[in-house]
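Same chain, two partners: chain A is paired with chain B first, then with chain C.
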Partner chain A sequence: MASVDLVDICKKFGPVVSVDKQSLSVKDGEFMVFLGPSGCGKTTTMRMIAGLVEPTEGSVLIGGQDVTYDQPRERDVAMVFQNYGLYPHMTVADNIAYPLKVRGVAKADRDRQVREVAAKVELAPLLDRRPSALSGGQRQRVALARAIVRRPKVFLMDEPLSNLDAQLRVTMRAEIKHLQNELGITTIYVTHDQIEALTLADRIVVMNKGVIQQTGTPEEIYNAPANLFVAGFIGSPAMNLIKGSLRGGTFTAPGLSLPLPGRAGATRDDVVLGVRPEDMTVAGEGAATISGPIYATEMTGDAVLVTIAVGSQRLCARGDRHFRGKINDAVALSPNLDYVHLFDGATGERI
Partner chain B sequence: MSDASPASNATKARRRHRKQMLASTLRVLLILVVAFLWLAPVAWIAATAFKAPRDVLSLDILFTPTLQNFVTAFGPNYQLGNRLMNSTIVTIGTLLICIPVSTAAAYALSRFRFPGGMAWQLGLLATQFVPAVMIIIPLYVVLRSAGMLDTPASLIIVNLSVLIPYAIWMIKGFMDALPMDMEEAAMTDGATRFRALRDVVVPVAMPGIVTATIFCFVVAWNEFFFALILSRNEAVTLPVSLMSARTDRGDAWEIMAVIGLTIMIPMMLISKLVQRHFLKGLVSGAVR
Partner chain C sequence: MNDSTLKWGLLAPAFLIAAVVLIYPIAQSFWYSLHDWNLSQSPELGPFVGFENYLRLLTADPEFWESARVSAVFSFFSVTVTITLAMALAVLLQGGSRLEVGVRSILVLAFSMSPALVGISWRFLLSPEFGAADALIKWAVPAWRNVPILADETTAMIALVLVDAWHWVPYFMLVFIGAMASLPQETIEAAQVDGARRGRIFFGIVLPQLKSVLGIAILLKTIFSIKMLEQVITMTKGGPGTSTATVPFRVYETAFRWYDFGYAAAMAYFLAFVMLILAFVYSHFVLREKR
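Our next item is the complex of A and B:
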């Protein structure tokens, strides 16, 4: 177990800047998730920690020791790959035993450890099979077992669940969380799936275009997004973002006017108001401050997503699952004003 | 079609059936002709090897088989045993160096970036566009200066110069298609890059390596031109020894047939043997 520190880390591929001088600390035993869209630099950052990519600038410290130019095998990290990276010509047992074998662990010892780990991830009956004879979920377990068999200082997981079907993903997510908690090993997990990030992480790093946008607990990221990118990226359906201005503590935009508590007298041009669909309720017409005709309704099972047209904007609210409205019916949305967010329209930063 | 009478339907079916019969008969005939064209020369050589010299040019199917030709071929005049040994040494020597070197080079070209990029790989291939006749003179001069003429080593070196570029390209094509995940997994698991190559990349790339090995074996075993120029007495290989059957007293066809058979049999046996491994390799690589 160890902490991981990135100091001014930068990676360029020719003229393309993949990771732009970022610093980050992952605490000992922490479950840290790197979250961001494709190409945001999260996987490159993880590969620099693994030693599979050499940084252009900056340094990587594991357990306080500078490992920037160490080979992957010298770092004592274990990695679970997106495509599992299993050895197709070896049996499950040999796959799991490989990290021990290259370290010269005696065969009897190796066999015992493989059996222990296989029992932990429920692979015991499959030890003699080849990876080609396993299902996606089983292959994922083999990859996990191979990573935990030697108790590394740091686990690295690169979108390990992205090849699994939705149901299996939920099951495996819980297993990974349980396993990490049990072993207490520092874990860095890369994903573009915000649900995975929010459910698994002790802390999340949101990245975009090679730059860390925000680092914080899932609650902090969700409840107080640092900028417009984080606000728009986290949450499904996405946060409603409305361009307008602040006049004497009241947010105004074409077709709506909202007095904001705690902003009395504040005046500012070019601001963006953010409000999550789940922080708005659907009310009868005239009952609330945002009203307009229904643009679309979507039944999701546990709720009905109601989209209304306000001026040229479309605003979405998460309504009661029994709500039944027709397109063009006039309704009003009532935002919970304690949970609205304001951002600077020019810089995108939270105000 | 509902207005068609049952009688006309039956006629149509008969006509279709006749057409199918004709097509399949033609197909079988064509296959037989092609098979005959392929197999007849082989059968002719095999038969000639067992014919007495006086029967060689007769087209009789029935003849009294004799082993005398083999005795003569392996005797002091033709030294077929020695030629067979030379061919074996040259071919095995070539393969033992060519395949590991090409595998390592293919891996390097497949996985690393070099200053100059693709130029190295294309250059490697371009050397193979130079006709053998063009390079034989400088090769002859160099090998003569090194005192290596008429040695198996000289033939191994020349074979390598031809085969390594081809083998690199064949194996590289295969390695390019292998995902990097596996070897990266091996390296994070604690293996050096060389160990990852040995433990993971080579076993998975085995079908490609075996394909390249068969190709190199066939070329090295049948190589005639370089061996003809660079060998005289000591290092003569099987294909060159065919020439020795053209004597002042005429062509000894029966001896040529014995030599031809000696060239063909190991190739047939080895392709049969390797085929099994080749298929096994294909299946074991089939993951993901």
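Our next item is the complex of A and C:
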């Protein structure tokens, strides 16, 4: 077990900057998730921690020790790959035992540890099979077992659930969380799936274009996004973002005027107001401050998503699942002003 | 026209061409092998003798078995050397750097040369009078100063094996590079993270995954080695003595030097039979891979 620190880490592939001078600390035993869209540098960052990619600049510390130029085998980390990276010519038992075998653990010891780990991830009956005779979920378990069998300092997981079907993903998510909690090993987990990130993480690092946008607990990331990128990336359906200006504490945009508590007298041009669909309720016309005709309603089962047209913009609210409205009916949306966010229109930073 | 007629109709030209250019000569040479026919005595096909030529081959021709031994020695060493060097170079040159790609391209030039030309070039290069390679070898290994490379039984065979390897290594190197490129990179990275060193990764992770490609390469090269003729003709003419006279060379000599067509055809058929067996093994490998 160990902490992981990245200091001014930078990776360039030719002229392309993949990770741009970022620093980050992962605490001992923490479950840290790197979240971001494809190509944001999250996997490259993880591969630099694993030692599979050498940083262009900066340093990687594991347990306080500088390992920037150490080989992967010298770092005592274990990794679960997106396509599992199982050895196709070995049985499940040999796959799990491989890290022990390489380290010269005696056969009897190896067998015992493999059996223990296999029991933990429910693989015991499959130990003699080859990976090709396993389902996706079973392969995932083998990869996990191989990672935990030698109790490394750090677990690295690179989108480990992305090849599984939706239902299995939910089950495996819970298993990973349970295992990590039981073993208490520092874990870094890369994903582009925000639900995975929010459910698994102690803390989340949101990345975009090689730059860390925000680091924080799932609550912080969700309830207080640091900038427009995080605000727009996290949440489904996405947060409503409305361009406008602040006039004497009131946010104004075409067809919209919203007095904001705590902003009394503030005046500022070019701001963006953000409000999540689930932080707005649907009311009859005239009851609230944002109103317009219904553009579309979408029944999702547990709710009805109501989109209205306001000026040239569209706003979405998560309405009661019994809400029934027709297109072009006039309705009003009433935002919960405690969860309304303001961003600088030019820099995108939270105000 | 129904489907079945159309199908056969479309295939017919291909069958016809195959029949004319493949089946007819094959059948004809088999027919010759059943006759005692010496072209120097008569342009007409000689008397039918049944399997007498084959009997002679199997029971009464020690020279043929000597050439079979030479072929076996040549094939064993040329396959071993070629495949080992090709794999080693594939590992060295599998990357995509400019240097690696450049060296790869230069090496492939050797394969693009015709085998006869390869033989002639090396015969010149190894000439004791003016050969550059000969001079280099003698400078590097003073003990061989008085050995005429292509006129000594051992060194002539070594030269034949190495020149054959020189010609074929680039081809199999490309085959292996292709095979390695198609291996899942994650298995290698997983082994790195799991703690294995480079040698262990190659022998424990990479090579086992290349098993079927390697098997096919060995079988293919064995077939190529068994039927290799051009370099023997152009470099050693089977000599000194009969020390490099392989089976194909004996077939060639028997047919085109002694004009004993019937017997040469029988020898060629025997060789073809051996290669047919190998081809069966080969296709078995390929089919098993697909299953």
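Just so it is clear, the second predicted complex is superposed on the first by the 351 of 351 C-alpha atoms of A that agree within 3 Å, B and C clash if a C-alpha of one lies under 4 Å from a C-alpha of the other, contacts with A are read in each partner's own complex, and residues count from 1 in each chain.
Just so we're on the same page, contacts are C-beta pairs under 8 Å (C-beta built on N, C-alpha and C of every residue); 3 or more make two chains touch, one makes a residue touch a chain.
Quantities reported herein were computed from a predicted structural model and do not represent experimental measurements.
Taken together through their common chain A, the two structures put chain B and chain C in a clash.
In the superposition on chain A, contact is made by A:77 with both chain B and chain C.
Of the two partner chains, neither chain B nor chain C is touched by A:181. In the superposed model, A:85 lies in contact with both chain B and chain C.
Of the two partner chains placed around the shared chain by superposition, chain B and chain C are both touched by A:103.
In the overlay built on the shared chain, the residue A:50 is in contact with chain B and with chain C.
Residue contacts after overlaying the shared chain place A:130 against chain B, while chain C stays out of touching range.
When the two complexes are laid over each other on chain A, chain A has residues 50-52, 71-73, 77-79, 81-89, 98-99, 102-103, 146, 156 in contact with both chain B and chain C. The residues of chain A lying in touch with chain B in their complex are 50-52, 71-73, 75, 77-79, 81-89, 98-99, 102-103, 130-132, 146, 150, 156. Per the touch definition, chain A reaches chain C in the complex via residues 50-52, 71-73, 77-79, 81-89, 98-99, 102-103, 146, 156.
Only residues 184, 186-187, 189-197, 200, 205, 208-209, 211 of chain C touch chain A when the two sit together in their complex.
Remark: chain B residues 179, 181-182, 184-192, 195, 199-200, 203-204, 284-288 touch chain A in the complex.
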